[in-house]
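In the two complexes that follow, chain A is the common piece, with chain B as its partner first and chain C second.
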Partner chain A sequence: MRSSLIAKNEIASIVRDKTLWVLFAVFVFMTLISAFIGWSSQHTVQEVYSASAAQLRAQGMDIPPSPLADSTPLSLDKNMIIYTLLIGVLMAICMGHNAGMRERKASVMKIIFSRPVSKLEFFAGKILGLGAILLFTMLLAAFITTVTSLLLTGLSSQDLLNIFGFYVLSFIYLCTFAMFGFSFALVMSDETIALLIPIIIWLSFTFVIPEFTLALYPTGSLNPVIPVVSTPHEATLNAIADIVRPFSLVDHYKEVEGYFLQVSGSAWQDQLYHIGAILAWFILSLAACALVIKRFNPAAGDLNA
Partner chain B sequence: MSGLIQGNYMEIDGSLPNIVIDVRSLTKKYGDFVAVNNVSFRVRKGEVFGFIGHNGAGKTTTVNMLTTLLQPTSGIAKVAGFEIVKEYMEVKKRIGYLPENLQLYESMTAYENLAYLGKLSGIVNPDARILEVLTFLDATGYKDKKIGECSKGMRQKIGIAQAILHKPEVLFLDEPTSGLDPQGVKQLRDSVLKLNEQTGMTIFVNTHLLSEVTRMCTSLGVLSHGHLIYVDSLAKTLERFKNEESLEEIYLSIEHGGEANAK
Partner chain C sequence: MHNAVLIARKEYRDAVYSRVLIVILLLLLGLMVSSIFVSSLLLHRQISEYQSSLITLQNLGKAPIEVQQVFPLTLLRGFIDYIEIIGAILGILLGYYSIAKEKNQRTLQILLTRPVKQSDIFMGKLLGNLAIIVSVLALVGVIAWLSLAFIGGITLQTSEIAKLSLALLFSVGYLIFFYCLSLILCMSVKSLSQGLMLCFTIWLVIVLIIPQIGDTMDPDNQVPGGLFKSMHLNKDQEKQVLAHFSGYETVRNAIEELSLTKHYERLSFALLGIKDVFNGKSLVYIFEMEWNDVLWILGWLFAGILASYYLMTRRDAFKEAKY
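Let's turn to the complex of A and B:
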């Protein structure tokens, strides 16, 4: 089937792309050291606590409980949330952009579509190839997380399921932004603007929209805890946050991934809403891509047509 | 009947065996702008048909319709016996196309480009055919060279190679000599002529270079502002306009309604 041929070609092209290799390598490297960074942080905190507890014991004072008493093995990898949001998504956007631009820059759209290849076959193949590379990246990251966590802390079967859930959702999250990169690459006549727009979308989701939700609270950016005392203009801030929150893809992602990595303490039932929101954005990105493909004109598809 | 000037429909000669391109009242509109206006002509098997006209005349739009890349607004056309709208997949199986400004995948070698495009055309194991085509085009030396390292002339050869890999019945060339140096132009012309002579392939050439028409084509059509104003065999054209000293003057004469200049 031609779609599988096109998918294989897409995979080979992505593998040949040295720029993407840099982003991929950075992401894999950060995944590799994520558990170590988490372990190192916790180890430092534990050492400080132990020394403090010893001093307090020597003075005959009460020793408060360890702040790490309830920490879980997977909490060592909580930095993966940020690495995925930043490096992972940037990598996905670039992969999507390159996938959409490749044939346009090579001016081969006309010779491809003058062959017995339908638009559906071609673009399905491209998206499959792109998805395969992102899936491989997530599988590799999952493997690294599993091995590093096993070596450092050990894992239960529930932990393994949580790692699986974390990376499945990350894959969906990355695919959403990859589709943005892909769609704009097919639509725009300027290569730079085609990459800039999905990056601006990503920056807005990651840094701007969250400013109107959790970050409204003075310590919200650092510690997503609802304040116990009233803050100025609290009612207005709450109203703004309630309106914006459903659209804050990053907040939904952080909530669910915080659950999977056992750092949020929330119940699984609470995650259904967030997972639904992430899936809705994913479906929206696919629908937008489908519309772009439907309207794509092969005769004018090449960048220098 | 032959040699109708400034007519919209023309037969190359009275009998019409083996028609491979049959265009009837083909029109393409973009809003109010009419890019191709009610164009009709026929091309026989084995001809090298030169489609000439000024920039923006509608030549590429016509080729895009005939290669099924663009849907016509009205009219019908058949290529290799199949209708371009209703039977577009059958048309695609039987045509080869070299568009203007083809770049190909620069990070892939010539062989890899041809293998991929050959498989897209339905050739299961294209290796032998790739070698055969590259030998035919005297381009075997480029086989393992990355396209990014190839000159424009080399790319055009590889461009022709991809267009003929699947042995199409009709080959469409859009401004094939664009950007080539004189040696590249000659090599390309020689390849096209060899292809026509040795395989009998019908070749449709879009060009605004009249020198190439005289050297390559057996018949020609002249498009002006979307209208087909002339079509006939090259020999009859040269005979009809024997008072003109060059094909450039013939072309200008046709463009400006020069039937009075005939004979």
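Let's turn to the complex of A and C:
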């Protein structure tokens, strides 16, 4: 009961936070234009293909099949994979950080725990509040994606299920990073370091690890189109990639979301391993959070205690 | 001016003793070395593939294929990417700490009771952080040079060292812009952590989102391996086809022009020959082709410096309750 009160308070605090509103607005805006960007680029690619084919025909050369022959309506939304990886995760980290830091910064931890509220109730309420906001964000994004896709191309019932699957997984992914932000905010005595560590973890997952697993340049990770060569074809790099790949949360996320948005042609059975890896990271972040809460000392919890 | 130099020295000393900045510096260095390591392995693989195909052709009695030239600075692509992403964060943190330490220790009011002008404080902070950024990038440049030599087995020519130095010089401007942005936001927003989060949001848009939109709209990037490669079209044919889509390309280019990072990337890629057409070209040629990006970078930089100067020298800049 007290947890639900704390959750409501957490939601109200997040809603009042102007910085989070900016991130939320950027995320919603990018979700809105994502399908349009996808549609306009695919439309142009098709026209470029037609123009190239005409040129090849005039030269009497063979014309390769259209690269978009197998494209599906949902592939228009492939940029959402990247926007969730970037904007969604930064928003989740900031929310988690604020949830863990707010009372510590206001030096009210001792006062809160002088009331009949347990650590478990307090932090469970905060996590529930965080989860509710992230769930709302994902539901809103799913609604926007559905409407924009319907307007631009039309969707089947299978496509709707895929959109649902996409955002359920995104919700789990964002919760993982929100937990990182929350945990470091409870552990660290310096507010900046508490925010910086989860950001470094996020950047490492997003840009550094794919450099070893897919030999991608850091900014190459921003392209949702999966490269033709999935392994570097170099003995040492292959060995490193084999070791690192199971830990590459971003690679797992991109694979499954690529499957949901029908960008990659892999079978659903292949996705079980990737979904398992994402769930493992989520459980790990929850376990780390539980450990942090267990060890948290309210008497010394205020930032300036 | 003497006061500004004193403040600059203090800024530099504080940064040297800051754990966070040391961690970010080590991160930048580690990532850069790892990126050169990966690129070198791939380059060595390409060279050995080229040599084995050369031997196969010789055994078959056929004429050797076109000689493959190696442009060592192209190995620094990951290095430039990391300066774009992590370097910008370093700039943001320097700006944040410049203001945070004064706000937290309430030292600005004390400083202003002394015969120190607000412009001296601004100049001191700017000069001190400029010195920090120059030192960091000089160190990064030397490590890149050594990594190329020891990991890649490559010795740089004088002209290549000059190009690398110029790329680092523009990196200084790039990082100073983010320093100014952070200074402005942390001065303007009541809560320091909110200022930092806002900085990260703007960083996300400038460094990652806008370039991503531009890249995604590039038709060639829409197909794994490249659209024109899949169509077996050469560069001239690609240009002829794209000439029909000048309107679309103009919009795409306009979106990219909004991002300082994209200008920095274009200029650095040109200087280091990462973009093929600039390989082995003279500096005069590169600047003739890239003057637009140079102007944009300088424009962003001066706008950032002027805005932060204006904010820090306002009469009520340090008088508010937030200090």
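Rule of thumb we're sticking to: the second predicted complex is superposed on the first by the 272 of 305 C-alpha atoms of A that agree within 3 Å, B and C clash if a C-alpha of one lies under 4 Å from a C-alpha of the other, contacts with A are read in each partner's own complex, and residues count from 1 in each chain.
In the analysis below, a residue touches a chain if its C-beta (ideal position, glycine included) is under 8 Å from a C-beta of that chain, and two chains touch if they have at least 3 such contacts.
Every value quoted in this text rests on a predicted model; they were computed, and no experiment measured them.
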Partner chain(s) touched by A:299 [first = chain B, second = chain C, both, neither]: first
Chain B versus chain C as contact partner of A:110, first or second or both or neither: first
Touched partner set for A:2, first chain B, second chain C, both or neither: first
Which of chain B and chain C A:279 touches, first, second, both or neither: neither
Superposed model, chain A: greater residue contact from chain B or chain C: C
Chain B versus chain C as contact partner of A:11, first or second or both or neither: neither
Chain B versus chain C as contact partner of A:150, first or second or both or neither: neither
Chain B versus chain C as contact partner of A:195, first or second or both or neither: second
Intersection of chain A interface sets (partners chain B, chain C): 17, 105
Chain C residues touching chain A - in the complex, by the definition given at the top: 19-20, 24, 27, 31, 34-35, 38, 41-42, 44-45, 77-78, 81-82, 84-86, 89, 93, 96, 100, 192-194, 196-198, 200-201, 204-205, 208-209, 211-213, 215-219, 221-225, 227-228, 230-233, 237, 240-242, 244-245, 248, 265
Interface residues, chain A side, partner chain C - complex: 17-20, 22-23, 26, 30, 37-38, 40-42, 44-45, 47-49, 51-53, 55-56, 61, 64, 67, 79, 82-83, 86-87, 90, 94, 97-98, 101, 105, 190-193, 195-196, 199-200, 203, 207-208, 211-212, 215, 217-219, 222-228, 232-234, 236-237
Interface residues, chain B side, partner chain A - complex: 64, 67-70, 89, 92-93, 95-99, 101-108, 116-117, 119-122, 162-163, 172
In the complex with chain B, residue positions of chain A that touch it: 2, 5-6, 9, 13, 16-17, 102, 105-108, 110-118, 297-299, 302, 304
